[in-house]
Each structure stands twice: as C-alpha cells, then as structure tokens.
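Presented below are the structures under discussion, each in the form of structure tokens.
What follows is subunit A paired twice: with subunit B in the first complex and subunit C in the second.
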Partner chain A sequence: MGASVQLRSIDMDLKKEIERLSGQKLDACYLCGKCSAGCPVAPYQDIPPHVVMRMAQWGSKKVLGSKMIWNCASCGTCYTRCPNNIDVARVCGALSQISRREGLVADKVAATLREKFVESVKNNGRVHELSLVVAMKMASRDYLGDLDIGIPMFLKGKFPLFGHKIKDLNNFQKLFDSKKKGDK
Partner chain B sequence: MARVGVFICHCGANIAGKVDVEAVSEAAINIPGVVYSSHQKYSCSEAGQKVIIDAIKENRLDRVVIGSCSPKMHENTFRKTVQQAGLNSYMLEIANLREHVSWVTADKDEATKKAMDLVKAAVGKVSFAKPLTPGQVPVEKRALVIGGGIAGIQAALDIADMGYEVVMVEREPSIGGRMAQLDKTFPTLDCSACILSPRMVDVAQHPNIRLLTYSEVENVNGYVGNFNVIIRKKARFVDERICTGCLECMGKCPLKKKIPNEFENGRAPRGAIYVPFAQAVPKVPVIDKEYCRYLLSPDPDKVEVKEGEKKPKRKCGVCAKVCTQGAVDFNQQDELISEKFGAIVLATGFNLFDHSKYGEYGAGKIPDVITALDFERIVNSSGPTEGKIVRPSNGEKPKRVVFIQCVGSRDEAKGVPYCSRICCMYTAKQAILVREKLPDAEIYVFYMDIRAAGKGYEEFVLRAQREYGANYVRGRVSRIYESNGHMVLKAADTLVGMPVEMDDVDLVVLATGSIAREDSVELANTIGITTDNHGFISEVHPKLRPVEVPREGVFACGACLSPRDIPDAVATAGAVAAKVGVLFSNDILMSDPMVAEIDPLKCAACGACVSVCPYSAITMEEFRGKKFAKVNEAMCQGCGTCSAACRPGAAQLKGQTDEQILRSIEAVLQW
Partner chain C sequence: MPAYAYFPGCSLEASAKEFDTSFRAVFDKIGVGLKEIPDWSCCGSSQVHKVDKDVATAIAGRNLVLASDIGDIVAPCAFCSISLKEAIIKLEHEGPIRSTLIEAGLEYLPGSVSVISAVEATYRAVEEGLIDGKVQSPLTGLKVAAYYGCLLVRPPKIAQFDDPENPSSMERIMVAVGAAPVDWSHKTECCGNAYIFVNKDMTLNLVRDVLNAAIEANADAVVTACPLCQQNLAMRQPHMKQNYGLKREIPVLYFTQLMGAAMNIDGQQLGLSGNIVRLINKRQQEAKEVG
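Take a look at the complex of A and B:
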C-alpha cells in the first residue's frame, strides 16, 4: 500500500470497470463484514475483503495496490455466506487484472505464480508443478524455504521432472484466443 | 372488632421462591383482628379468587389483606373480588410481597421477615378502613383537538365520525401542519399534499367539526368530562364568513413578495395579506399586523390634531378596496371564546433543530448548505423554485449533492441525545428525488447508522443506494467550508478508516432532527401536565398507555410525544380517538373515592392546602361567616399533598387517613 491517500469522490470509470470485469454489483454490498470474518487468508493480508469492497465502491485506486486482491484463494467462503450474494473473489480477480495492467502489483510473488500458472496451462493444457515452483522461487528469491515439504514431495513423485501435455492441445489453446476476443 | 382475613399469594415461584409463604400465613393468624389466614398458588386466578370469596362468606370476614404483587397490578382485580363477596371494595389492603420483597431481597429469611412485617402493617391499616363510595360526574361529550397537523386531523375526523362534536384549534392561518410542507413521503413516494389535502377538506366540511384557525388555547380549567377552556381567536382582519377565497387582495398588497413566508421556511416571499399556501384550509387570507401598512399607521381618531392641521389618513388599505365582498375588516379584535369539553387532545407537533448551532457546517451562513425542510420546499413543484433543484447561491443545477445525517440528533453535546427517527428515511427519499430530477448528479449521504425500522423502510434505503446510486459513506462530517468559491467537505469513511476530503461540493442538505415545540413546556403548564427533559409531552406509561397523559381526560398523539413519522402519528391519532370514544361512551363517570376531604370543623382556613394543591382542586368557602377549605372531589387526584400540609389535621385523604397510617406503623412496631 502506498502513501496515505484521501478519498475525494467516486471514480465512476474504475467502479464501472470493476463491475464489468467481475460481474458483481458493488453497491449491493452494505459492508457487514461477514466476508472478512470468514476469510481464511484475510488475517495475513493488509486489508480485509470488506475493505476491498468499500474501496471498490469508491473506485479508489488505492485498492489496486492491495495485497489482498492477489492472495485471495478463491475459496468462495465469502460468496457462500454473503447476505447480498456478492462473489468477493471475483471482485478481487477483477481488481488484480486492473492492478497488473496499471503496474500497481503489490505482491510480486503471488502475481508471478498466477502468471506462470496460466502460462503453464496454456502451454501444456495442464500445470507442470516443478517449473511453476521454480518460477515462484526465482521471483521470491526464497530458494530454501519450503524444502522440508518440497523434498518428500519430490521423492514421492509429486514433482515430475518433465511435464505431460494433454491430448488435443491445439484445440484447447483456442480457448485462450476466444477468451481474449471476448475481453476486447 | 374487625374480622380480617389474610391471603398470601405464591405468585408461582415469584414470591414463594424467596418468601416462606406458609410461615407468613401461619404468623398472620396471630395478629390481633385476624380470624382467617391461608396461602394460594395464584390469588388472581379464577380459582384463587373463588377461595377468597368463599373464605369471606364462611368466616364472615369484613376486611381483607392480600399479600401479593404490587397494587398497580391487581388492586382492581381484588377490589372486584371482595365486592363479589358482598364487602365494600375499599375494605381491602394489599401487602406488596413481590416488587417490595421477593424481587428485591437476596436473603430468604430476611425476605420472610419483611413479608411478615408488611402483612402486619396492612392488617393494622385495613382495621381502620371505612367503606367508600365513588362520586359521579357527568361527561360533556365534546372534544377539543389542539393542533391541525396530520395527527390532529386524523384524531378530529375519527372522533367526529363517532358522532361527537369536535373543536379544532390551530395556531397558524391554515391547518395542514408539517406534512403540508413536504413534497413526497417515504417509503411509497406518494405526494404529501395529494394524500393530505382531501383530509384537510374533510375537516373543514365535517358537520361535527368546528375549525378555529389562527387561534390559541389560553387557559384550561376543570377536570375529566368537564374542562373549561378559553381560546384566543386572533384577529384575522378578514371576515371568514364573507370571504370567498378569490385572493384578489393578495395580488394587490404593496408588500407582496416582500415578507419571508414561514410556510416556505423563508425560501419564498409573501405579502402582508396572505394565505400560506395554495391548498390552505380555510382558504381565507389573514393580515399580518406586524407588517401591514394600514395597521401600522397611526389611528386618525386617536391622534391629537392641532387646529388648522388636517387629520392624518390611514396608509394603504388597498386590500379592503379591491375586496368585492367587503370582507376585510381592519377593526377586528382578538376574540376570547370560552367552551366546555369532556376531553382534550394534544397534537401540537414538533419543530426542527436549528442548524446554526453547528459552526462546523457553516452555522447557517453558507448559502448552499440548506436544511432538509428547505429541500422539501425547493423540490416541491409549488415551492420557491417550482420544483427545480438549484443551488441557492447562483441558481445553477448542482452536480455534487451531499446529505448529512444526524444534524441535531444523537448529539449529546448539542443537547439532543435521542434519535429523531425520521431523518434516515427522509434523506433516502430526498436522495431518490435528486436522482429523479438530476440524473447525472453525484449523491453522497454521510451517516452514522441507518435506522430503517418500519414496513418497507430498509428496502427503501437499499433502493436509494442500489437503484438510485446514492453513495452512503459511514462517518460524521467534521467540517464544511468555502475556499475560492468552492465548498469543501472533510469527513472520514469509518468503514475503511480513511479520511475523505471532497472538493467542489455544490449543495449540502442537513438532516436536521426533530425537537419539541419551543412553547411545549408552556402549553404543558397551561394544561397541567408534564414534559420530559427535551420538552416532549410525557405519557402515563410509554408502553401500555402511550397516548394518555397524567391528567385524566387529556390525550396526546403525533410528534408532540416524541419524534415520529406520519404512519406512527396517524396510528396514535386513531388510538387517541378510540380513548376519547371510550370516555364518551359514559354518560356519567365514577370518580375515585380515594380523594381528600377537609373537616370544616377542624379547618383553620389558613389556605396552606389551597396553595399546595397541584390540581387547583381546593377552594376557600364561607358558611355563616366561617371560612373553610373545600375539596372539589372530581378534580382531586388523591395525591395527599394537602393532607401533609394541613397543620390542624383537617385535610385527610380517604383510604389513607392519618389514623390508618399510624396504625400500620404501630402494627409493625408492636405485634
């Protein structure tokens, strides 16, 4: 999160873009905080989900620099319990897209992980775990962390050296093209 | 010798759980005068009452003590019980073993001991009870309704529809009250005038209602069923019987558009002769003597003229000249009307908080900071701007409109700790009206909490946010100021914990809270009732007797009791009408016999009782040259103040005589 920013007025352009990308009506949220209360990752983030929602209602750029929007696990607990049926995970998703475009990414590791995940799926039709982990380690420069579980997993064959590709990869990759078209 | 029966009630476990009722009952039989004692699970139940009746008959009891709950709860029940057994209903004393003992005592032995003492005292007192008979007073079946707002209108119509005569007194030139000033009403958005004016017309045309506008209640005397009221009908200077309501006079007044119109909250002008608004009832103008040139010019008949000089002429008088009916009468005087009523209904309404007390919001000096009532007039199509929402400073359309809630509500520092109940809803309504008239405007509502308890209310507030795009920000605005021709607002969004600084605010609407009418305490004193510390009329019981006030025969409805919205005002008005109907269904009222009585032989005519009586029920009389004080039994409320003040002991409260009280003290000390 950057320096302290004052809220001045609603940025309707940003607010509308978030609504379009997420498919959620932001004004439906009345800030009860039930999403934050149940969120498993919120305790480890800079701001809880309901504050993300409130900032999104303002269309405040500040929310684009939040870590929360990158670390949302998309578990859906918020959506399941929300009295107004808002899928907060989708709002976080939309915000992270805009954040990346605007160059305001606050959590580089999480962003890289997502980027590499999508890349891996695009190239193989499925995730190649080892290259994903390596990419994440390079980004975080935390080379030795998680070795305690990494090595046993490797020995059990959970991290194959070479990844598999799915059968009809060409056809699968068209999905990415069509998605792109729809986006623009 | 008295034959007293004692009945101890368990009240389930309420009393028996803390008091050893068996022990109390056994101890009671040893009190001198007691010939019978028993205990029961529920004395108030039908079975319990039968036990009491049977015991009275079998044991030839002539007095009864019941150890049970507070007499406030079941005294009446048990009075009827002993009456059924053939005793005078006042040969009964209740020892309060629940509220005074079991509920407030921790130790079981202590509780039992105290219960025994209270039973002894009750036996001592009842031993000297005398049979009492209620008095009878006739009922004057006419009601006075004070205040012609929606509450008063509803109460008057309902009472009149029951077939009783009603006189409605309204201080302003027209009835209609606050509701007439509003544009739309929440949560249905129907037009206020459209639903109100038919009722105003109903009042004017109802054969059982007499309407006295531009009038005030001056004095109230008497008691339930028989109030004597003096009403001051202020000089209108226009004869209501002749005036046709053509309003030709208004157009010709040289002061037209020169005097701020109170109805428009000062946002539009009027003349010296005026009707406050187009749908006014009655549609008869009134001349404002504070401004009228004719009335302010010296009276030629009273001016001393030197010889050779011409008599000065009265100025102006144009209205009288243009009136084809000759209805303008400059010689009219205030008229005092004395009327008799059986019931009085207060429906005097409320006022709005004066926002100039908020220096941080410009203290009323920033032109584009207006009140919610100003907004109602501005947004109304018959208001000063013909319904166009514009900035008062330059007449332009506002692009950014901010509403601030709780201005003069929930603010202890400003002396208004209570919630005004209507502001959350009317602000949501006003936000919707802004969106309807200005589709492109930005709308912000700064609030502390949204209180939308009512049918369809929460949904309405959510609609304002979701469908009409009102942006609700939780936080109290700290300051509004002007800077280089812009209005700047500072606040915090407490839900994100971030400061808000909003530039280029075009219009600020303050949701000013409800306060009591400035003269409500004076009115309460005139009628002999009380107000709470904010000036709202106090009810007898906030839950169970919400429209009755401590003076019998006087009722209150609407916002003079506490801040409330139209549905609640109308509901309480209907409740009042029902209460008046109950009162008027009696031809004769039974008065409580437990009133004061003054023995003329003992009375020293010192007048102490006359001066202390809060109900003006005691007067000095004279018989064959001897003066003495006399109590009007119908007016006496049995408070006992006179009895305490009387030095010779002439004043005695029946049922609570000095002898009875001394005997009950003696009983506790001796037996």
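Take a look at the complex of A and C:
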C-alpha cells in the first residue's frame, strides 16, 4: 500500500463511524507527521500513523486493510506529542474493529491476540496468561519457540495451570453490554 | 498506618509474581499497608480498549467502585494503572457507562477514589521520608538504568505523573537505596508490548535497542516497573545476543526487587537470583575497597 491516496469523494459514513468508535476528531489532524516520527512500530509496518490519519479523514476503505492499525502498541508516544491532542492509538483501535467486521484483517495473529485476550477476561474476569500464551503459539504456528523460556517459568510457578475466576462473574459480564451515548 | 487499596492485576498473579511479592515486602517494611481489593477484575487493558473502549471503561470502573471503601488505589502494572486512571477521567462525563455499572450493582461516585502506580507510591514514600532508616544494605556502586517504558508516564494527560519524555522518579528511588542511576537515552522507548506474540522480529529489534542503550551507558542492571517490559527485556537475551546484535547480557529487575535487597529482605521472597545477589555484593565490596 503506497503513501499516496487517490479518492474522488469522502466516505462520510465510514469517517463518522471511525470518529464515533475512537472518540477522536479526525479533522483536527493537519498531518505534521510527529506521530510517525516517534512511532516505535512504524518502521515495521506498511503505512505510518499519519497516513492512517489521512486515509481515515477521507474515509478511505483501503486503510481497513492496513497492518499498522493492528500493530499499534498503544504506547502513547503519538498522543503525548500530537499538537492537536489526537489519540492515534484510539483511531487505530476503531479502524481495527471495523476491519474485523468487514473481513479485511491484515494481521490475523494480532486479531487473535485481541480476541483471545478479551475472551479470557470475559470468561474469568481476569486474564489467564498460560491459556493466552498457548493460544498465541497456536495462532502464530510457533509451537516450539520460546519453550526454553516457558518451561522454566512453568516450573517456577509463574504459569499456574488454572486461572482465577472472580466470584461475581455474573454481574461482571453485564458490563460487556455497555450502554453507549444516545442509547435509551 | 496509611493504607492503599491494592490492585495486583493479572500478570502479578502469574508471570510477574516477583513484582507482587517484592512490592508487598518493601511496603510492609516501610509501614505502608496494602489491602487487596476484594474480587478485583481485569483493568480493561489496551486489548479490551481496542475492541470496545466503553466496555474497557466499565470493567475498569468496577474496580474503582470495589476500592472506594478501602482508599486510593495502587496498581503496580503500567497497563493497569493507566487503564484505571483513564476510567476515572472518562467516568466523570460518561453517564451511560455509569448506568451500566449501576445495572451490575455498582454505583460509581466521581471523585471517590484515585489511582497511582507502584513507582508513584514509592516515590511519595521516599519524599515523605518513610524509607529513612530502612536501607540497611545500600546498593553502593551498583549502576542502574531506570526504564519506564510507555505507560507509567504516558499519555501525560492521563498518567499525570513525572515527565513524559525524560522522567526521573525511579532514579530518585534508586538513589534513596544507594544505587547509582546512569543517564541514558531509552528510558521511555517502547518494549513492544504483547506484540512479542504477534511480530517477534519487530519486538526483538525494539528490545535490543533498549538493552544496548543501557549497556552503552555502562549499567550493571536495568530496573523496570511493568510486567511486560521486564519480561520482554529479560527473556530472550541469549537469542538476541546471537541473532540481533545484543552487546552482552544484562540483568533486568523490578525496581522493588532491588529496593528489597537494600532493605535486607530475603532474596527468595524478592525472587532474586543468586547471580544478582552476588553482583550486588561484588559492587558493594568494590565500593568499600575504593573507600
């Protein structure tokens, strides 16, 4: 995916959806590039964050197929330095949600991490790290990688076989049906 | 005795349990109570945020409500502290999420609780003189690189602690236990987060840069205050030395482990390896000889 975007018109529906899910004002971005200059993961991605912002401003569907939106590490460097107070990680988060819904996920392993993490939280109230690690090893097909680390950790009791389930799981799970602004 | 509502977080129950045990041991020694929040749940984390930010705020909010009877929250993990801090800011204005909480039997009252990280709590204790007289075995001669990573001090509007680009609170803590912090470049660079499971090559490149910067600054050890930072930095060093140009292996510890060593807390309780204890003793011995 190149850095230049050619579009005839702005897809306002997509743009509004990104703004709603991210809580960020996309037009506040004037493309100074500070986010990309400081982004630790940008050198390893297809497009840098300020290009994500530009494509989001245009409501370009192409951005939904980018790897960058899945690999944002939420480090907060861009948000810290943005002269216009935009949390770019939230924009990447919103885009990844839409990309999943539309079946345009460019990094399936990153999507699995998110899915398994949230599943573990929802089912137990807390994350069970061992289940998550095993799921990630399966997803990335790195079955034997890091066994030299994992086995000693297991032996030190750092990977308990069973996770802790919270007591009030029933009420906790109600929180996943969170009300939105405008809901009745 | 002053007391905090303690939010350990999921990692401190498992992969980062030495952060939990060392933090509890140090705070016990300095006489600050930690009362674990009953039936606490996930903080919301960055992963839940990316699936639904309102759900993340709601589940963080549950912990705020549960803590409000105890007192202000201390959450050692950087992800936990930032998620809980952000929820406090969000819940001020998000009536609908507060309604969701009420439906789950949890009433959140804005202003009822505040959140700080373990570094902030320790920094306060140092400033208040609570560790005076507790440092029986100062870590003289031990050069440490204080590594903050991302979320302890960022984003500043949420973290509301220290300087987001060049923080110094952990250095202040290390000086208080007799160690010598080094001046270095990568204090707040990202360790790659959980992307070690997604894009290993990218993460190892990021980690290598952080560790090499600490090594170039001549540090004996790196101290951290986040489970993911500690594990990413510590775990694959032989592999990185062979394949990623890591200059040498370097110990990576939680800052509370080193504090505990300076307070003569049992090494096993702190999760300190024999190698680290020997390194500390060696530096103390050298410092004595120099006089």
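Criterion: the second predicted complex is superposed on the first by the 171 of 184 C-alpha atoms of A that agree within 3 Å, B and C clash if a C-alpha of one lies under 4 Å from a C-alpha of the other, contacts with A are read in each partner's own complex, and residues count from 1 in each chain.
The rule we apply is simple: a residue touches a chain if its C-beta (ideal position, glycine included) is under 8 Å from a C-beta of that chain, and two chains touch if they have at least 3 such contacts.
Quantities reported herein were computed from a predicted structural model and do not represent experimental measurements.
Novice: Based on the superposition on subunit A, does the combination of subunit B and subunit C result in a clash or a fit?
Specialist: fit
Novice: Kindly classify A:172 by the partners it touches after superposition: subunit B alone (first), subunit C alone (second), both, or neither?
Specialist: Second partner only.
Novice: Anyone got the angle at subunit A's C-alpha centre between subunit B and subunit C, nearest 10 degrees?
Specialist: Taking the centre of subunit A as apex, the angle works out to 100 degrees.
Novice: For A:30, is the partner it touches subunit B (first), subunit C (second), both, or none of the two (neither)?
Specialist: After superposition on chain A, A:30 lies in contact with subunit B alone.
Novice: Just to be sure I read the superposition right, which of the two partners does A:55 touch: subunit B = first, subunit C = second, or both, or neither?
Specialist: first
Novice: Considering only touches as defined above, state whether A:10 meets subunit B (first), subunit C (second), both or neither.
Specialist: First partner only, subunit B.
Novice: Applying the touch criterion given at the start, work out whether A:42 contacts subunit B, subunit C, both or neither, answering first, second, both or neither.
Specialist: Once the two structures are laid over each other on A, A:42 reaches no partner at all.
Novice: Taking the superposition on A as described, I'd like to know which of subunit B and subunit C A:113 touches: first, second, both or neither.
Specialist: Once the two structures are laid over each other on A, A:113 reaches subunit C alone.
Novice: With both structures superposed, pick whichever of subunit B and subunit C touches the larger number of subunit A residues.
Specialist: Here the partner covering more residues of subunit A is C.
Novice: Working from the superposed arrangement, determine the closest approach of subunit B to subunit C, counting only CA atoms, in whole Å.
Specialist: Taking the overlay as described at the top, subunit B lies 22 Å from subunit C at its nearest C-alpha.
Novice: Both subunit B and subunit C touch subunit A; at which residues?
Specialist: Touching subunit B in the first complex and subunit C in the second, no residue of subunit A appears in both lists.
Novice: Can you list the subunit A residues touching subunit C in their complex?
Specialist: Against subunit C, the touching part of subunit A is residues 21-23, 40-41, 44, 70-71, 73-77, 79-80, 87, 89-90, 92-93, 96-97, 107, 109-110, 113-114, 117-118, 121, 125-130, 133, 136-137, 140, 142, 145-146, 149, 153, 157-160, 164, 166-168, 171-172, 174-181, 183.
Novice: In the complex, go through subunit C and note every residue touching subunit A.
Specialist: Within the complex, subunit C touches subunit A at residues 10-11, 13-17, 39-42, 45-55, 57-59, 61-62, 82, 94, 96-97, 99-101, 103-106, 149-151, 154-156, 164-165, 188-190, 192-195, 197-202, 205-206, 235-236.
Novice: What does subunit A use to touch subunit B in their complex?
Specialist: Residue positions touching the partner: 4-10, 25, 27-28, 30-31, 47, 50-51, 54-55, 57-58, 62.
Novice: Give every residue of subunit B touching subunit A within the complex, in rising order.
Specialist: So the residues of subunit B touching subunit A come out as 400, 442, 462, 465-466, 469, 471, 474, 493, 495-503.
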